[in-house]
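Take a look at the structures below.
Two complexes follow with subunit A in common, the first pairing it with subunit B and the second with subunit C.
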Partner chain A sequence: MEKISQSTKKKDHEEKISGRALYVDDHVMEDMLHGRLLRSVKAKARLVDIILPDLPSGYFVVDKNDVTGVNRVHIVLDDTPVYAEDTVEYVGEPILMVVGPEMKEVERILNAIVVVYEEQEPILDMRAAETVFFHYNYAKGDIETAFKEADRVFVETFQTGYQEQAYLETQGIIAYPHNGRMTVRGSMQCPYYVHGAIAKALGCKNQDVQVVQDVTGGGFGGKEAFPSILACQVAVAAQKANKPVKVIFERREDMEFTSKRHPSISTYKVAVKSGEITAMDIEVLFNSGAYTTLSPVVLQRGLICASGVYRIENLRVTGRAVKTNTVPTGAYRGFGAPQTFFAVEMMMDHIATALGVDSLELKERCMVKQGDATSTSGKYHFHVPLPEMVARIDQLADYRAKRKNYQHQTGRYRKGIGLSIFFHGCGFTGSGERDIIKAVAKLRKNADDTVEVLASNTDIGQGLKTTFCKIVADTLGIPYEQVLIENPDTDRVPDSGPTVASRSLMTVGGLLQRAAVRLKQEWKSGEVQVIEERFVEPDFVIPFNLKEFRGDAYPTYSWSVNAIEVEVDILTATTKILGAWGIFDVGVPIDLNIIQGQMQGGLLQGIGYASMEQMDYNDQGIIRNNSFSDYIIPTAVDVPHLVTEILNNPYTHGPYGAKGAGELPLVGAAPAYVEAVENALSVSIHKIPFTPEDTMRVLQEANQ
Partner chain B sequence: MVNGYLAETLQEALAIRARENVVPYSGGTDLMIEPDEEATYLFIHKIPELKTINEDPEYLRIGAACTFTELLEDARVPGILKDAVAQIAAPAIRNLGTVGGNICNGSPKADSALILFATDAKLRLASTRGERTIPISEFYLGRKKTALQPDELLIEILMSNTGLSNYYYKKVGARNALAISRVSFAGILQVEGGKIINCMTAFGAISDVIIRHKEIDALLVGKTLDEAKTVKKVYLGAYDQAIAPIKGRISAEYRKTVCMNLLRDFLETNGI
Partner chain C sequence: MMIEFTLNGQTVESAAKANTRLLDVLRHEFPLTGVKCGCKEGECGACSVILDGKLVNSCMIALGFVAGGNITTIEGYRETERFAVLDKAYAAVSAVQCGFCIPGMILASECILAKNPNPSEGEIRDGISGNLCRCTGYNAIVEAIHIAAREGKGLW
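Entry: the complex of A and B
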């Protein structure tokens, strides 16, 4: 283990463990009003009339007419209205907000409002969608010839469902006008995203907006774009009332109406010649919901991962993100990759079964290595440690022997083991980091020789305050306690980009390390010094061209192999997890405790995605699984034997050799889990979540 | 602000219950998730008479305000009840939640109530007017509806002291902790001198109340295991007719299949 990896007490340990940490709902301001949104109860309708009751003094109704700037939330394409205009496009779309001093009275007023809808036929099923928000294609090799010359062609379709982030703290924002400026604070991953969105909605100058992140109780992507929407609604309300306004979502509201993982349908057509895979023709469909939000970027990542970790010379990938009259989907740890990695890993498994070889053997024959081309004709520039990871997981889980033993079982309890091999591209997809984000980070040395980290990246439980400070302290050669970091405040920190895409530590941590090197050289004891660093794309990167979908989508990759062992009770169709093993290459861990926490949490979240986390809408477009008793996430006792190991594979261009870590552990759990169920029951599975009801169905089919 | 009384004796509690419209509050683990500001609560978790477990020649008498943890820690509590209680929620809830609350909440998904149905337990109810002891099956009138009168309290649960050792229990929840039952099944088969002298089964979480069909179970009583095999088909057929799970988040078909699988396995593991 490297010295930097040794675990440190987290920067926010004391305040969180003592309960002193203040979350947005803990803040109470003088004269503060409480707001609640009135939401559409129809999936698609024209708003004919809104009949308001008489409002008591001090109470306000805030809607589209109060938006002084543009009634659009700035995300990517800016199609999400701050408040609905003439139509509503999904159940839950915000129409207006009622604000006032007493929440009970706000609720009474909300219940007294009558909305007259002229209902229209909604489109709920993504396969029936008419509007294609985004459509990308890429190809390489000669796919036509490969299919013409194939011995066998396999075609299969895979489906994945919603996944809800289920962070502990629900969404919440406070906005307050003061001295001609608007300050917004709350639970968020990306203060500068919120900042830009508010300036646009209020129609004010950037310097008239201040955004402060409060202590945030988890995000997992759910607080990437969504807080921009809520912040615009609350800021418009605060501007109208000219008072502080606070909105905190209830759990059901949060689960039902905030963004979640895109459901997907992927069809794989694969050519095999002489027992080798020669071509893949892949079609991916993502359900965007009613507005575009982050769908283009989610789709891009999904498509880049569509051929998995395999060398496919002849490849065609096409993908669409389509509009349905359902809640807009968005960012969730993995960001499009878990969907296509599930599909490609299952496809490999099914082809192997048809060819009469074990799936791992087939996968090993096609695994990429350093120097190989990526799916988008970029390059794997660095060592790909998959062979040693497979060897280690086999050693830990006894994978190969179990896999063989578990075939053709009878009896009530049937065991199975599955394995997945995957990567996560580190950082922003494509040229976003270079062309859009252009991160800036600063170090400020105070007169007392303490050093403050100034960056807009947020600690959302992933330990970023700690890892940033460790890098700076170690580089400067000063005690960790001498390095300070606060929650980002846009008045004080530069825009170092959002806290997303497993980029913060690798990219912004790298800028801080460079700044620390310079500060060390220029260090003047007792003086105030500010050092600024800006992002520069590494020289080795083959520039990504989005139009051609070609080049290095990521500078480097984090790698992982997972194995999951299950036992299915065929009387109840329930599945017990006997063990889950993950080997992860995240470069050099900057703090081993933090990384272990990330890897274990992510793996468990991935197992939930695969097995129990079920969410769907009914024929009215209403999501019914909107509480923790109906949307089941795994607990620690659901996977008592969880083993996560780190493989040290330093990244030459990351701080201390670190690369992306946060998303990786979720990405490959689902295929490993489902492969294990297949192994136990000798069946083929094409969907997640694969629930006990699904298991019962395949058991009954097998009996008939 | 919560309105309520903290009763120190049963007598005091019953007097308040007779006088006023109060919500009995024991562990509160069901009540606290939907707090009612208008309600007046009667806190009964400190009443000594409701906190004891006693044995008499016929029954184990469990105080209604005993927590799940207290049941798990008492050597006299039968294994079938402990197995079920050990799978309720998570430690924090088991430390607070009580068996009486589990029953009076009126849910067909109550895990301890299933066992009490399957063992033909009796409930002792009291009010200032007097006392009555009724079979648990008469206590449940429908979904969230019980026979508890507005002035009554459930004070004791009476479980048979004998005949509960050969049991079968399975809870199917959505995960291994903090899971509400999707299907639950308990069965007891008492065999003496080669003959089945008692068969009791109950199904939870599939209908408005817990399902217990004594008349079907009676088909096996008085028979040897070999004789029981000859009526196995009739027995299972009768349950196949009788069990019609209501539709919920989990399909009726799934729950029906699990019920029948577990019932069959209960017979087969007993050599029938």
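Entry: the complex of A and C
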């Protein structure tokens, strides 16, 4: 283990464990008002009339007419209204906000408002969608010839469902005007995203907006773009009230109406000749919901991962993100990759079964290695440690022997084991880092020789405060306690980009390391010094061209192999998880405890996605699973045997050899789990989540 | 009518209605913001407090029910020697990520150890199964409670 990997007490441990940490709902300001949103109850309708009751003194309503700037939330394409205009496009779309001093009274007023809708026919099913928000395709090799010359052609379709981030702290924002400026604080991943959105909605100058991140109770992507929407709504209210306004979502409101993982349908057509896979023709469909939010980038990542970790010479990938009258979907840890990795891993498994070979054997034959081309004709520039990871997981889980033993079982309890192989592209997709983000990070040395990290990246639980400070302290050769970091405040920190895409540590941590090297050289004890570093793309990168969908989508990749073992009770259709193993290469861990925590937490979220986290809407477009009673996430008793190991594979261009980490562990759990269930029951499965109800269905079909 | 109870060792009273959620009374009236609100329906455990030696979801308890009772929240518990042991144990394995479940999780840890100073892994997992954590995958928290059991000899 490298010295930097040795674990340190986390910077935020003390305030969090003692209950002293203040999250947004813990802040109370003088004269503060409370707001709650009135939301559409129809999936698609024209707003004919809104009839308000008499409002008591001190209470008022905020809507589209109060937006002094542009009534659009700046995200990517800026189509999400701050408040609804003439139509509503999904159940839950915010129409107006009621604001006042007492929440009970705010709720009474909300219930007394009558909205007259002229209903229109909604489109709920993504297969029936008429509007294609985003459409990409790319290809390589000669796909027509490959299919013409194939011995066998396999066609299968895979479906994945919603996944709700289910961070323990719901969304919340406080906005308050003062001295001609607007300050917004709250639970968020990306202060500068919120900053840009507020300036556009209020129609004010950038310098008139200040955004401060409060201690944030989990994000997982759910606090990437969504806080920009809520912040605009609250800032408009605060501007109208000329007082602080706080909005904290209820759990049901948060589950039902905030962005979640895109449901998907992927169809794979695969050519096989002489037992080898020669071509893949892949069509991917993502349900974007009513507005575009982050769908273009989510779809891009999903498509780049569509052929998995396999060398496919002849490849065609087509993808669409379509509009439906459902809640807009968005960022969630993995960002499009868990959907297509599930599909490609299951496809490989099913082809192997049809060819009479074990799934792992087929996968091993086509795994990429260093120097191979990526799906988008970029290059795997660095060592690909998959063979040693497979060997290690086999050792840990006794995968090959169990896999064979578990075939053709009879009796009530049937065991199964499955395995998945996957990567996560580190950092922003394509040229976003170079062309859009252009990250800047700073170190400020104070006169007392303490050093402060100035970056806009947020610690949302993943330990970034600690790892940033460790890098700076070690590079400078000063004690960890001498390096300070606060929650980002846009008045104080430069825009080092959002806290997304497993980029913060690798990219911004790299800038901080460079800044620390320079500061060390220029160090003048007792003086104030500020060092700034800007992002420069590494020169080995083959530039990505989005139009052609070609080049290095990522500079490097984090790698993983998962195995999951289950026992299915065919009487009750329940599945017990006997073990879950994951080997992860995230480069050099900057803190081993933190990385283990990320891997274990991510793997368990992935198992939830695969096995129990079921969310769907009814024929009115209303989400049915909107509470922890109906949307089940794993508890401490669900996967008692969860084992994670770290493989040290330094990345030459990351700080201390670190790569992206946060998203990787979620990406491959689902196919490993479903392969295990297939192994136990000798069936083919094409969907996640695969719940006890699904098991029941499969068992009934097998009996007929 | 005033409702009297013991809160973190002090006798206190509240004028709130007897059917008010204990969670709201603790957060807004006293104001003990270490008690977190995650769902208000008894599912997540973020608002856990110890009532007469038992771990309860304060969102599911009406104020009237605690009349004469003894409540400990993280604000009281953090002053104890037992907390110091748990604090150190949680820090050693970096079991705190976003932190939102942690005040409840610490009080759940206390209840596990109070019941059995040498709990098995199964007892630990059962004891925190009413406290959801979305960050850690629970391993580090389970390990921290094991460490506290080992290091806190005689305290429980």
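One rule holds in what follows: the second predicted complex is superposed on the first by the 704 of 704 C-alpha atoms of A that agree within 3 Å, B and C clash if a C-alpha of one lies under 4 Å from a C-alpha of the other, contacts with A are read in each partner's own complex, and residues count from 1 in each chain.
Just so we're on the same page, contacts are C-beta pairs under 8 Å (C-beta built on N, C-alpha and C of every residue); 3 or more make two chains touch, one makes a residue touch a chain.
Predicted model, so just to flag it, every value in this text is computed and none were measured.
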Contacts of A:Leu22 with subunit B and subunit C, given as first, second, both or neither: second
Touched partner set for A:Val637, first subunit B, second subunit C, both or neither: both
Dominant contact partner of subunit A by residue count, subunit C or subunit B: C
Touched partner set for A:Lys148, first subunit B, second subunit C, both or neither: neither
Touched partner set for A:Ser629, first subunit B, second subunit C, both or neither: both
First (subunit B), second (subunit C), both or neither touched by A:Met612: first
Partner chain(s) touched by A:Ser7 [first = subunit B, second = subunit C, both, neither]: second
Subunit B and subunit C contact sites that coincide on subunit A, given as residue numbers: 629, 635-637
Complex contacts: residues of subunit C adjacent to subunit A: 31-41, 43-44, 46, 73-75, 78, 86-87, 90-91, 93-103, 106, 121-122, 124-126, 128-142
Contacting residues of subunit A [partner subunit B, same complex]: 412, 571-574, 576, 612, 624-625, 629-630, 632, 634-638, 692-693, 696, 700
Subunit A partner contacts - residues on subunit B that touch it in the complex: 90, 170, 172, 174-180, 183, 249-251, 254, 257-258, 261-262, 265
Complex interface listing, subunit A residues touching subunit C: 7, 9-10, 12-13, 15-23, 25-26, 28, 165-170, 215-220, 250-251, 460-463, 591, 593-594, 596-597, 599-605, 627-629, 633, 635-637, 639-640, 642
